[in-house]
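Please read through the structure below; I'll follow up with questions.
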Amino acid sequence: MDATLLTQYALAGLVIGAIYCLMAVGITFIYSVMRMINWAMGEFYMIGGYVQYLLIADWLGPDRWYLALPLAIAGVGALGMVVQRVLLRPMFAGGIERLDEYATIVTISLTVLFRNLAVVIFGPYQFSPRDYAPPVQLGPLPVNGSRFVAFLGAAALLGLFAWVVRRTWFGLAIRSVAQNRVGALCAGIDLSRIDMLAFGIGVALAGAAGALLAPVFLVYPQSGALSTVKGFEIIVIGGLGSLGGSIVGGLLLGLVESLGSVLISPAFRDVYGFGLLVLILALRPTGLWGERAREA
Amino acid sequence: MLWVDGVVAGYHEGIDVLRGVTLRVEARRVTAVIGPNGAGKSTLLRVVFGLLAPRRGRVVFDGHDIQELPPDTRKRRGIGYVPQGTSTFPQMTVEETLRVGGWTIRHDRARLRDRIAHVYDLFPVLAQLRRVRAGVLSGGQLRMLAIAKELVVMPSLPLVDEPTAGLAPRIADDVYRLLERARELGIAVMLVDQNIAEAVALADHVCVMALGRVQRAGPRESVAADLRILVQEALIGTGG
Amino acid sequence: MRKWIVAAAVAVIATGAAGAGSGWGAAPPVVLGVLTPLSPPGDPAAGQLIVQGAQLGEAYINGVMGGVFGPKTSCPQPATPVRIAVEDDSGTPEKSVAGFRRLVTEEHAVGVFGAFHSSAMLAAAPLADELGVPYISTQASAADITAKHFAAVFRTHPVDPDRAAAWLGFIQAQNWHKIALLAENTDYGIGLAEATKSLIAQRKLAMTLDAVIFDRTSADLTPQLLKIKAEKPDIVLNVGVGTPAYLIIKQAHDIGLFPQTPMLASYDFPVRPEEYWKNLGPTGVWLAFISYFHPRMALTALGTWASVEYAKRFHSTAVYSNLNSFGDAVILAEAMNQACSRDPKRIIAQLERGRFDTWIGTGATFPRAAGVRWHQWSPPLVILQYTRPDETYDQAPILYPPAMKTGAFEPAH
């Protein structure tokens, strides 16, 4: 095997893996706080892409994509908070017995709603803003400028996210809610507010991935479908509820997909991820860092 | 200081767990709520803290109706809640847990620091464990931490639910000694307990509940004499 | 009171206008079913174009032909108008089956056309046989649609061997030998890869083919493209449909594979200029692609009528989807006229033995031929190339076939 080519594949895998991480971290974050799986994650990714595209195309211009990014991320976060407040809060207000089923039905309905809304509003076309930056030479690999920006952006956002969760009061509250809702309530933490913010932040991570990748993977109504699948693949690999697991799982998936393509055959690229997943499930059913057992 | 007036509440449509509960908790007194399983004691605490909305009736605290307020507001008003089972966080250190306990005063850094230091004075064991994750503490240490966490923001009325359930007797004793110190701290306690003898021994006022109603309430002396009969009646009542 | 008067007046005018405009007898209109993707996950943009074409067909049959069994036929029946009924198949097998059933049982359609996604059409094909209603593929390409020899299924769209013949002919003319083919894992992609491979073997061409199949849902094709780049092919054949087609171009560009190495796309998605140039910008220059239509191609009288009428109605240039859908509607009407029948089974029989005028040729037939040529009529193909940004396909030079050639392949510069 040609060493240069191998390095190229590994680099390409890491770049894409960093972006997978954003999705996975968003999913696992919402899960750990609200104990629900947000199946509409990919649609928030899709909306992030559209908002970014519209901001660049109609308002800020292609040179000021970096101004559009925070706006797109905040916009998706705000939408997430509205969704949480209007559709998901009733879950925790009592009166609904099967929380898991309720959350699943609501978020799956949202995927259908958002996809069809995107078709109605923007048409079935595919959009793509201009590349954020010219190609960058990363060692032996010419990396597309937008991909490089997306990689840096993903790394920065994950760093910021980790800092907020580990070092701030808000992060402390989030962690307490994730570990014991009643315990957090006893301390006087406003759970409905934390839930709303957590959902907003979780989907904003997906929106960020969508906005960062808008020039790379195109923006269209179904663009979120795959990212949801990848996100869940990583969650299973890394373990549901583990942020570290999401990050390692994302990078691992990117690497395995990329290296499998060159070492075995590129025809089955998406199968390698599932292979890894099955292997890990067989060896460690809770994922690499999954919760062993839930606290009573 | 707390007046529960004709409260009716339940978890499912048409099934009332509390069927018109009226009781008073006096300031600086320990009030023990006792009664058989299913009497509605824990449910009563949930209503007082705001985890369950009453269908009818009022909850008055320090002269204000509070039945509409969310739990975090009640917490700020001075009601604390130590639920049955765990209210601590397995992945957090003791220090972090106490900081969560001080959530409502987080903006006053100096005060928070003082309060946590004060709690460590009360519980020297916890001071030694401050960097240890709650997940590895023993059952007794966890219960102590759960109570300590509530004391960071000194509540004027902690609601304590079954503080010794599942603990070894010797450790249970320690917990009761701890509750006795409430009087030194000048706060009221509303204690729900299956462990009738210890609870009554500790209490100033006793309130006997059965089938969602208060059967008898009064100072310990007036209730203690025929306590055994009362409880038996209540048990037969639920059995039938 | 006033509202009543207005409503009554409107009703009278409406019925009067309908009666006056048509002048038809009492016979109920003949219904032509259009089953096409109008919502995701199908390609609704294609579905829209197909519906527009069908509307043109309805207008032509009723307006120019005077309905079916009209004055120019020798049929004994009174002239009867046609009406199109549209169903959305979302590009999915299950909705396609349900839509086909509804068109036939509720709308009483005597023929159905408009299919775009092969898997959707293949799902409904057995139903067409069962109900005995002719089903014409307007733009679904999979070989099985005709190769399975369904009694009621026809096609007016090029098949894999047509495409393979076109691009291999072009590659041979360029004197290229090393071909890389990147195909999505659908009936279409795998079928086209197979057809290309077998044609090279069959004609004993001095070419090597490296076919890489990818999952249609992957967004990142960089690893596959890096591998192709390492092998230094003379040309890359892009067999993606929709998003993957764009992703291949973009990502090949990112890693320096395209336009340094020529790329040829397997179908005509670059003819939608608003989408193509918006998505790719200057990256899209130098792409060669197969198209089923170019204004330089000589249209029949039918085709000319359709493209003029299209421009009038929709204020833009007709594309292949419009014209072929229009053509399918007219073929069904011609078959009814030739058979003097609106009975679907007799329409099927007439399609098999008749000759039909289309928008691009005369004398189209649907014989019971062998293999994929069963009930198949292929319109001509051309290969075009974009050589400057924002070019529209009617300005692009035709590279192939030699008979229509208006320019030579230009390498990137």
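Structure notes:
Chains: A, B and C, in written order; residue numbering restarts at 1 for each.
In this text, contacts are C-beta pairs under 8 Å (C-beta built on N, C-alpha and C of every residue); 3 or more make two chains touch, one makes a residue touch a chain.
As the structure is a computational prediction, the values presented were derived from the model and not from experiment.
Chain contacts here run in a simple line, from one end chain through to the other with no loop closing. The innermost chain, defined by the distance from its C-alpha mean to the mean of all protein C-alpha atoms, is A. Top-ranked chain pair, ordered by C-beta pairs in contact, is A-C. Across the assembly, the mean Cα position most removed from that of chain B is the one of C. If you average the CA atoms of chain A and of chain C, the two centres end up 38 Å from each other. If you average the Cα atoms of chain B and of chain C, the two centres end up 74 Å apart.
Mean C-alpha position of chain A lies 41 Å from that of chain B.
The touching residues of chain C, when paired with chain A in their complex, are 39-41, 43-45, 185, 212-215, 217-220, 222-224, 226-227, 230, 242-243, 246-247, 250-251, 254-256, 274-275, 278-281.
By the touch criterion stated above, chain A contacts chain B in their complex at residues 94, 169, 172-173, 175-176, 179-180, 182-192, 295-296.
Contacts from chain A toward chain C in the complex involve residues 2, 5, 8-9, 12-13, 16, 115-116, 119, 123-128, 130, 135, 142-144, 147, 216-218, 220-223, 225-227, 229, 257-258, 261-262, 266-271. Interface of chain B with chain A (complex): residues 49, 51-53, 70-72, 75-76, 80-83, 85-92, 96, 99-104, 106, 146, 149-150, 153.
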